[in-house]
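As written, the chain order gives the labels A, B, C and D, with residue 1 at the start of each chain.
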Amino acid sequence: MPAITGKEYIKRIDKLKNNVWIDGKQVTGNISEHPAFKGVMKSQAALYDLQHDKSMKDRMTYPSPLTGDPVGVSYLQAKTREDLARRRAMVQQWAKSNNGMMGRSPDYMNTVLMAFASSIEFLRGKENCFPENITKFYEYARENDLSMTHTFIDPQVNRAEYYMEDTEEPIAAKMVGKTKQGIVIKGARLLATQGGITDEILVFSAGGIFDKANGFAFSIPSNSEGLRFVCRESFAGGESAYDYPLSSRFEEMDTIVVFDNVVVPWDRVFYYDNIEVSNTFMGASSFQPFTLHQAVSRQIVKTEFVLGVVQSIIDTINISEYQHVQEKASEIIVALETMKALVIKSEVEAEIDEWGFMRPDRTTLQIAINTFPRIYPRFTEIIQQLGASGLMAIPTENAFKSSVRPDLDQYLQAKSRNAEDRVRMFRLAWDLTMSSFGTRETLYERYFFGDPIKLSSQLYFTYDKNEYVERVKKLLKEK
Amino acid sequence: MPAITGKEYIKRIDKLKNNVWIDGKQVTGNISEHPAFKGVMKSQAALYDLQHDKSMKDRMTYPSPLTGDPVGVSYLQAKTREDLARRRAMVQQWAKSNNGMMGRSPDYMNTVLMAFASSIEFLRGKENCFPENITKFYEYARENDLSMTHTFIDPQVNRAEYYMEDTEEPIAAKMVGKTKQGIVIKGARLLATQGGITDEILVFSAGGIFDKANGFAFSIPSNSEGLRFVCRESFAGGESAYDYPLSSRFEEMDTIVVFDNVVVPWDRVFYYDNIEVSNTFMGASSFQPFTLHQAVSRQIVKTEFVLGVVQSIIDTINISEYQHVQEKASEIIVALETMKALVIKSEVEAEIDEWGFMRPDRTTLQIAINTFPRIYPRFTEIIQQLGASGLMAIPTENAFKSSVRPDLDQYLQAKSRNAEDRVRMFRLAWDLTMSSFGTRETLYERYFFGDPIKLSSQLYFTYDKNEYVERVKKLLKEK
Amino acid sequence: MPAITGKEYIKRIDKLKNNVWIDGKQVTGNISEHPAFKGVMKSQAALYDLQHDKSMKDRMTYPSPLTGDPVGVSYLQAKTREDLARRRAMVQQWAKSNNGMMGRSPDYMNTVLMAFASSIEFLRGKENCFPENITKFYEYARENDLSMTHTFIDPQVNRAEYYMEDTEEPIAAKMVGKTKQGIVIKGARLLATQGGITDEILVFSAGGIFDKANGFAFSIPSNSEGLRFVCRESFAGGESAYDYPLSSRFEEMDTIVVFDNVVVPWDRVFYYDNIEVSNTFMGASSFQPFTLHQAVSRQIVKTEFVLGVVQSIIDTINISEYQHVQEKASEIIVALETMKALVIKSEVEAEIDEWGFMRPDRTTLQIAINTFPRIYPRFTEIIQQLGASGLMAIPTENAFKSSVRPDLDQYLQAKSRNAEDRVRMFRLAWDLTMSSFGTRETLYERYFFGDPIKLSSQLYFTYDKNEYVERVKKLLKEK
Amino acid sequence: MPAITGKEYIKRIDKLKNNVWIDGKQVTGNISEHPAFKGVMKSQAALYDLQHDKSMKDRMTYPSPLTGDPVGVSYLQAKTREDLARRRAMVQQWAKSNNGMMGRSPDYMNTVLMAFASSIEFLRGKENCFPENITKFYEYARENDLSMTHTFIDPQVNRAEYYMEDTEEPIAAKMVGKTKQGIVIKGARLLATQGGITDEILVFSAGGIFDKANGFAFSIPSNSEGLRFVCRESFAGGESAYDYPLSSRFEEMDTIVVFDNVVVPWDRVFYYDNIEVSNTFMGASSFQPFTLHQAVSRQIVKTEFVLGVVQSIIDTINISEYQHVQEKASEIIVALETMKALVIKSEVEAEIDEWGFMRPDRTTLQIAINTFPRIYPRFTEIIQQLGASGLMAIPTENAFKSSVRPDLDQYLQAKSRNAEDRVRMFRLAWDLTMSSFGTRETLYERYFFGDPIKLSSQLYFTYDKNEYVERVKKLLKEK
């Protein structure tokens, strides 16, 4: 079953009967009908359907190297710069269907897995490493269009610099045993977005580990024995697309993933019990360049959407004459074009890596990911500064259906819109920046690729400054 | 009935049967039992009860000049600097009971009315002005401890600089007639906070009017014939104090106020049909200095609370060793002490005004209100920067009561707190900055005293820079 | 005389005997020997010499389409994207020789003239327009490797929005007559950088004119009768390259240009007496894309230099371990790579214009010029924050030659440098950011392409936001 | 000789024949006639003369407790809040005479010494401590109106966190021996402002020392045997008050102080060879509250001057109509009033310390010193943003005296000023923010009380946050 449809996705997930807990209750019945998940699963299904849209098919899929069947372009292993542009076009097409609000649309995880599969040579011949398991799983996922989530952050018990866990019971997920069937994992990982509504969960170390029991990488089905997903409360405000134009559709959910002695079958283990590999694979592989290339492509579409919202507010209440309004909108334009420039540069400066794949320029993408977490929160601030009281004058769809409608029609009209459309517009701006869904989006972008402080230090240390220091030396030597 | 109790407040409001609409339904039954209002009304009732707390009575009340009965200190007309300090102590005592989250606790409106009553001489002898009506209403409100709201913003139809309404049907509330009973008002005003849960609504012009039909000031009971309050959706997340420690208690609601040919009785009209007075009374009266003195006093308590939350996060996940964490917390300390310094300066530099009342220094308070709207949003950003993923790992009270509790206990524990308390703490930080309630608080502080851009221009034009320009001239003349 | 040498440049300028005033005295003798000009003229000469450096010749010159002789690449009219890259390589090569400190190295003006020559069709057939004069002058300049300056700002008498000059005597340069010889110009223009040390001065309107007498474009020799250059004081600190590593070499001088009834010969008039053309030519021509492409290329080299200086400070006093130091250096890295990305995007998205030339993408370059004036001042702040007291412990070369040298050697040594080199390094950082030369560089970058506030408004109004507004509309229509 | 005159000051300093080196030459002859020092010494003399101005005498002096003769108020040991206000009035009076440009006017050092003298009880009975020497020196200085400088920073060899000096020859000044006459000091200290033009130099440890040889405090005459002052280059632009209105008067010079086996007489040793005291005295004494009280009082006057300059620019080129101009000026107003509020709060909350003196509130002043270094650089940025090209169109006084004057008169006139006055005004703005003098002022304010990063951390750790954390706990306990 290559390139699936939305219907197939939903059917498959419903069938898994994953162990998902929300607000103290276990999800029973079809998860796709649960109020916390139905919106986002429907939106995700729409993405899969796009693969079968005739006008899109060529953009969204390519022929499987194994079967010739159409499979998703996000699985494509890039060999040329054109492949990178093709990947970007696909990612942005999907992103447009949710205006970049779904941080974990399937292309993200497909890209992760593709990057792993393109970097397996790094593992070849190393202790407790099984590169061929990655290849097999990658092909299996691609041919079956699996949906996935992942998780690589340990619980936030203590953030001091030299903290090492010393509880008897594991907190951070670790390997606690080995059996004939596989390795046994106990503990937890934070926060799997879309946890419970994907086929599989990919688990690997983010580096910086001291204990080999914490060093592993594998993938398992979401319904594996002993695997539990514990949700935060849902930020889907309700079902009305008028009231909650974004959260009713795109609330992805974040979950704590509990491994209660989960057995990972041997053929799904990518590596284990190898500290060095655990601490270096992520950096050596093409994980970072490719996932960033996907992420930045999506963030561009999201920024376009923000600009659209900002301009809609400006038009609605007719404030374009104010210089400070022009400047605020310009800030977003500058950010948008900067992000576009960075993704282009990452492709122009892409190079074939040691294993023969075309890798986007990592440094350039590091710049992007040092930039976006700082500017996205500013976008939401601008929307609040321009929207002002309009963001609180937002009666619900039901109000418009009631006998106070004439009041609303008269008193909430705007220069260029009737009251119903004006409120619809402002509810969107509110849902984007002020609802619990909107603020979670902001937090998500702030921390998408980790702590901004650490990203900044990492950039400093990895960036080659030598040539410029030499120029200074040269100048100082001149008489 | 001087200085009422919480019970009396609730009983009185329930009895009014105000015409309040929310989510397309009219509130029927006791409004104090409605999910959208019960939390805040209970919190407001607690404020009134504090007036009868023996240890607080002297701080919260003073003897009525008419009857000697205890009445609220927020009604006190200041004659000395000590009176100002006394007013501040009272305001901050109330604020501590809600950590500054209630922007419209009754002391705010009491202060507004007190300031009007202390400025009536400005109206004496002017056309269509009735200063004695203000005095009478002020005394009536004080002796009966009325709760009030107010509204002075016109609907946001068009924000262009030279916009003048020209629809046939009024949009902004205006006087459409005069009868023996009083003046007739039609149109709407935005956004009365606590609209519908107060005894009275005070209505007056904010200045800048061109049409005398828009120029008036009066107060009417909230249940006046033809008066309707149309609510936005409620941001009370639910009733659990664990899940929604703030919104379950302090969500104040904002309402559109519709005047459907409301008759304002003559003895409640303060002035009407007088453009000049409408455009100057607010500025000439002590409205600005006194309401700002109240507001800034409250904002100080709120800032203290923010600092408490920030420090609690730092302690919980043990991050005080990081220099950038220290700097972020210091930003809040600097802001807090700056606000404290400004309120002290406003009292030290207070002067007796032309009508014999001790008026806090307006310029100093303008500085405060040019500062707080810029720093409060930064506070919420800092909380997000420090809380990080902890702000999303927030299962509900019900989750802790369910069979997944052992998972939560183990995996959400923090360095210095058990899981339940840690999540409680993070839910508070979330409710303060990321829930729909929290973001509305941010917007409220951004716009508390109007558009920050205009406040800044106003400060520039009213501030006396002459002495400093002269010093420059003097220097330039020296050889 | 195509592609001249430095010697030829200096000889030619000295011979002109331009009318230049500085500190109340007229420059007499060879201007290239005057302390205010000798440094920059020597640096400029070095640029010309680079055209004859064998290893550089192909990068710096191309065969003249008229003669086949080598002429400067900055005169090259671009037909392909490769031409753009070639132009950039040339510009950056020159920039490296002064680390981007010379804002008016000859390639800037060559580019201006090339852009005009590539846009002459716009003038064809319009009243009082002489496109062929542009062509002739362009070819003459290219074949003789003329140096030029220009000026297009009117004196800053009154910056109010609706100011129109109404003095009897002209202040802003205007046409005051016509003779057989040419048009007669009287008045002044601000601030011609390098005024007085170039062969020619190009004069044209920046748009926004109301009086046709202010609307013209022409070029005249710097020694034209009636033309005077009035200098500000020189910021060349002195001749010691140790003490003033930058200002002794790169101080370019800014001059007020006085036209005292200067006659512009007819064959040098590009247009005159045509308000519409005066207000539209700059925008319609490829002036903006090409000059920005040059400027941004140079600013990149300057940013590289800043990064080199910052890293040199970090190394010298060994502060790379501090997180805030890493973050500050990263800010510069982010800025540098962003500028690089923007210039690449401007080339990738370049398109053939209506007259057949390959024009870099204007919007992208507008982004760059909305960015750099905001970040360059931040660079200088970072240098001050990192350099701290080291920027004041800067004795002069003479001190190192005196008997206190042993004191300096002992007490000013740094972790990785001896005292003399350490002070040399810090004097450079000081000269870049704190000397009168350095702050003038900062002001220059702030205002390089005009008032940042206006650039921001211009970006807002010219940027096409429509597609994004449409996406918002589409979303709002979905159920 | 109590409260001296300017003449006495100059005579006394000239007589000392201090060992001062500048640009490789030793100062010979009267230092008050040397171009690098004459301006600031004349300005300093004017301060002393103010003490004898009849209308000022009561503000500037008080009767000596020893003799009844008038001595400077900056020596006054405060016992009441009124004393603090009196000290502030005196400091600000002096500051007005130089618009706050002299960071080291004598009141600063007088305050330091006064604070030491008011804290001697801390030293009583401790090893190698001589509190009575402080008292004696304090009285001697007060009764003779000594001028002083001080120095407490070690050379910036290596700024790594755990750096300890291990060279054989001392770099940082240390005690290298003891003789009958006194202790012997060898090494250097950075940067004594006004070094060489004061009677005495006060030397003490800033804390954080590991080696007892670095722990001492003493005062010695500036002309002590073996003491050398090595200057940076002078930033006095020249003698013309037109051209350099600030640097010609207020350039204070920074010097490296070299101790070449300097013997400190026993009766001038305050303490030595006591690590604990060296590391705690500064913190325990009233040094910080009193010097900050002086500094903040001065910074207020400086901010007033900046506001005067900004408003003068606005008036000169008529730009007050622009909203962003209003906002920028308002930023300075906000800063000014904030600083004023903080100094008032520090006095209102002053308390009698353990030794009976009225000490301004330290925390409040810490806030001020965490604020000013961040805003002062912003002031200079604002001046550049408003002044724009006007800051480069600044011909010299000589130009106005030359034959190009008619050009200048015509082309540099401003809306409200003739050309000469307009240029004078802009030269002032330039000298304040862009000349080498101006940028040194900015650096000085950035680092006035040490590294802003450390000041911020120090504030975080010393500020009592407990009450606010408790409030959070209380809220979390409520149901």
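Going forward, a contact is a pair of C-beta atoms (placed from the backbone, for glycine too) under 8 Å apart; a residue touches a chain by one contact, two chains touch by 3 or more.
For reference, the UniProt names are A, B, C, D = 4-hydroxyphenylacetate 3-monooxygenase, oxygenase component.
Given the structure is predicted, the values throughout are model-derived calculations rather than measurements.
Taking the mean of C-alpha positions as each chain's centre, the chain lying farthest from the centre of chain D is A.
Looking at C-D and B-C, the interface holding more C-beta pairs in contact is that of C-D. Each chain gets one centre point, the mean of its Cα atoms, and the points for chain C and chain D are 40 Å apart. Per-chain Cα centroids separate chain B from chain D by 43 Å.
Distance from the chain B centre to the chain C centre is 53 Å, each centre being the mean of its Cα atoms. Multi-chain contact residues, meaning those touching two or more other chains, occur in chain D at positions 322-324, 453. Taken together, the chain C residues at the contact with chain D in this complex read 21-25, 153, 155-161, 163, 169, 171, 187-188, 190-191, 228, 230-233, 243, 254, 256, 258, 317-319, 321-322, 324, 377, 381, 384-385, 388-402, 404, 407-408, 410-415, 433-436, 438-440, 442-443, 446-447, 451-453.
Taken in their complex, chain A has these residues touching chain C: 96, 99, 241, 245, 304-305, 307-309, 311-312, 315, 320, 323, 326-327, 329-330, 333-334, 337-338, 340-342, 344-345, 348, 363-364, 367, 370-371, 421, 424-425, 428, 453, 456-457, 459-461, 463, 465, 467-473, 475-476, 478-479.
Every residue of chain A that touches chain D in the complex is listed here, in rising order: 322-324.
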